[in-house]
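These are the structures, in structure tokens.
Each of the next two complexes has chain A plus one more chain, namely chain B in the first and chain C in the second.
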Partner chain A sequence: MLELHHVDTFIHHHRIIDHVSFSIEPGSIVGLIGPNGAGKTTIMKTILGLTKFTGQISIDQQPITENDHHALASVGALIEHPAIYPFLTGRQNLVLYAHDPHDLENLVRILQMTNYIDHPSKGYSLGMKQKLGIAIALLNHPRLVILDEPMNGLDVEATICVRQLIQHYADQGTAFLISSHILSELQKVMTQVILINQGRVIVNQPIADFNRLNHQDYHLTVEDPTVTAQLLTSHHIPFKRNDHQFVVDRHTIFTIQDLFAEHHLYLQELAPVETNFEQIIVRILDEQRRSA
Partner chain B sequence: MRTSLHQEFYKLAHQKMTWLSPIILFVLMLITSYAMGYNESKLLTITCYDAPDWIILILVIVGSTTFSMEFQNRAILTLLYKAPNKFEVYLSKYIVLLCYNVCLHLWAMLITCLLRLTPINRPVAWSAIGQYHQPLWLNMFTTSAIDVLTTTFIISLILGLSCLINSNAIVISVSLLVVFMGQFVSAGLLNTNQLVTILRWNPFNMTNLTRQYYNYTTYYETSHLINSQLLMGTIGYTLAFVIIGYLIFRKKRF
Partner chain C sequence: MKTSLRTEYYKFIHQKAFPVSLLVLLLLMVYSALTAKLTTTQIIFEFGAVQWIPIILIAMSSDFFAMEYRHHTISLLLYKNPNKWQIYCAKLLIIILHSLILSLVATSFTVLLKWLLAGHRYHLLTQLGQQTLLSSMLANIGGTLIYALFIVTLGFMLIMLLHLNAAVIGIGLALGFLGAGFSVALMTALPSLSHVIRWNPLNMIFVTSQLVNPLYSQASHLSNPQIISGTLIYALLFTLIGYLLFKRRRV
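So, the complex of A and B:
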């Protein structure tokens, strides 16, 4: 539904976004990840037609330009900070944009804002404002929602609630583009990962492919470690051994399974070594910086 | 456009200043009436108890917050992406301020009618002849209508400044300087007696429009333009400021 083709964004003649292309399908939850200053917020602002850009951006084949936002009629967003007028109550802030009162009430209930929604928003805490900002973004059943650091200021319960809400909307076909530094939270919901650095897309993959390709090592547990060690050594397959457990490279696991079958050895366990998502991201960024 | 207008009217209607301003206007008109009502009944009826000066003060404060509240509350991004284009955002804000401006003038005329009934004023009939051999009631309507144009000119300037400067306080200060010092700046320029035929068209001179209408002989000496010229100049500068303001808004980075 959302498509970006060779998008460049310049701010004060400085290229912030460099030939970015990607697409987002209905119902997908895309995590936009990158270090500070990578261009995440600028990409989001560019999609929302808030910056000057070259290239093409379209939603359902309807183009978006800096001065034509008709294609954004069914888009919700929370960029940088929640857009809240302090002289209005939380409910009035929602009424300002809501087309359907039932939808408004539903969001207030799900986001557990009932107790304070009729209070002036100038007295809201950071978390309360954030929830209100998320509610504004989700109003009117949008087809695409863009969330910039949605978990900022949220407590554990609110974080879980927002995560479930995102999943619920995605199940109904709403696409999400979410940037967050809390990668563990993002990891729980996202279906696609886009990693950017210095305004360029480094990785754009479904999360399943990303996990598979970036889990480099597998550990295997065997009945007879001594024979296994001899077999691997004789076939020049590198491994690390820890008692009954061996750690081997991802590329060797099919060869190992063939050898075991040939020598009537039996596997007790074969699984990828759990690698922290943050560590993978840091490693990819390091590799990219070294190759640049 | 309807959605943008609804949003702007909704925000204006929920701001305290919107409802406080008519009360302030009433108090200021009452003070003016008490201070000089007995001796200047005719003039005060024509000028709605000096309402043009008070209304412009209110509009500077309300108008300067129109854009700055969006910047300060960081709501400008939401406002922009939800609107079909930037022009609609700018135009809806402008229309809402114009409506508020007209409402304040109608309110001032209503208060004038009420104040004329009080014993503070020397009784003068509505049909009494005022300026331009016209009855007093017509003078009041015409002055108010002309002042709507003068204040619209100021609103255009305020909106342009608001797009240029994010700080509400600076916008208010600069706008007040233009409104209240403008005529002195213009008079200073014209007193040099050089290039008067050109300099009399300076934008500061247009702030004299309302005052000149109800006090032609005094203000013509300052403005060097007849009423119709001042009117054309005001309308021309209003359009120019609206266009410049929109271009600034369109080019602004958010």
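So, the complex of A and C:
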């Protein structure tokens, strides 16, 4: 539904976004990840037609330009700060954009804003404003929702609530593009990961492929560790051993399975070593910096 | 456009500035009524409302745009609207509508103040030269409404140019109190260039007074059709420049 083709964004003659191309399908939850200043917010603003750009951006084949936002009719967004008028109550802020009062009430209820929604929003805490900003973005069942750091200022309960809400909307076909520094939260919901650095897309993969390719090591549990150790040593396959359990490189697991079959050894377990998502991201960024 | 107008109207009437602007206008009119002798000129000029309305409008127009940047709502406003022209137009129309409301309130309050201070004296249908008191009042408020277009579009343009509400209000006050005097002084100092200088924007403020009193055209050096056209052309020019600045402004 959302497609970016060779998008470049310049701010004060500096290239902030460099030839970015990607697409987002209905119902997918795309995590936009990158270090500070990588261009995450600029990409989001560019999609929303808020900056000058070259290349093509379209939603359902309808182009978006800096001065033609017709294609954004069914897009909700929360960028940088919740867009809230302090002289209006929370409800009035929602009424400004709501097409359906039932939808409005539903969001107020799910996001647990009932107690304060009729109070002037100038007295809201950061978390309350953030929830209101998310509710504005989700109004009218948008087809695409862009959320920049949606978990900012939210407590644990609200974070869980927002995560479940995102999942619920995605199940109904809404696509999400979410940036967050809280990678563990993103990891729980995202179906696709886009990693950017210095305005360029470094990784754009379904999360399953990303996890598979970036799990470098595998756990290997066997019945006969002594024979296994001898076999691996004799075939020059590096390993680390901990009693019955071995840790081997991802690239050697097919060779190991062939060898085991040949020598009638049986595996009890073969599984990727749990790797911290954040560590993987840091490693990829380091590799990219070294190769640049 | 209907949706943009609806949302802008909703925001406008919920801002404190809306009732405050009406209250300030009424208080200033009461102040003028109590501090100056009651004359037909006081009534025709609606107890100073003709002067106060443009000043109130320039402050409101600049703030109506500035608040979108102040509250970080401009991004939402921009992507929710099909194009920037629609946003600019909707905001402009709402403030112009407010100038109508202010004028209507000023006229009604003038009638009330006149009745309270002078009873049945200065009857609205009293003949003043070729016009009645009422028609003079209406002509004057007509001039104010034409000048309101000038001042509102100027306010929008200046806030896009200066990004500072206080500066725009300062310029508005300077225009309201010193603009006409400066323009006249300039034409008096340079009589050979008065045929050019008379078209300067400061001179357009005379539209608020010379539609009733033709003597003012001697000060402005412009006929009624000329000053009306000049004011409207400036309003159009300010709209175009303001819109281009808005279009180019980064968020």
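Convention: the second predicted complex is superposed on the first by the 292 of 292 C-alpha atoms of A that agree within 3 Å, B and C clash if a C-alpha of one lies under 4 Å from a C-alpha of the other, contacts with A are read in each partner's own complex, and residues count from 1 in each chain.
Just so it is clear, contacts are C-beta pairs under 8 Å (C-beta built on N, C-alpha and C of every residue); 3 or more make two chains touch, one makes a residue touch a chain.
Keep in mind it's a predicted model, so treat the numbers as computed, not measured.
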So, on chain A, is it clash or fit between chain B and chain C? clash
Now for A:L265: first (chain B), second (chain C), both, or neither, which partner does it touch? neither
So, A:P86: does it touch chain B (first), chain C (second), both, or neither? both
Taking the contacts chain A makes with chain B in one complex and with chain C in the other, which residues are shared? 11, 45, 48-51, 67-70, 72, 75, 77, 79-88, 92, 95-97, 136
If you look only at chain C, which of its residues touch chain A in the complex? 7, 10-11, 14-16, 67, 71-73, 75-84, 247, 250-251
Listed in rising order, chain B residues that touch chain A in their complex are 7, 10-11, 14-16, 69, 73-87, 250, 253-254
Show me the residue ranges of chain A that touch chain C in the complex, using the header's touch definition. 11, 45, 48-51, 67-70, 72-73, 75, 77, 79-88, 92, 95-97, 136
So, in the complex, the side of chain A touching chain B is made of residues 11, 45, 48-51, 67-70, 72, 75, 77, 79-88, 92, 95-97, 136
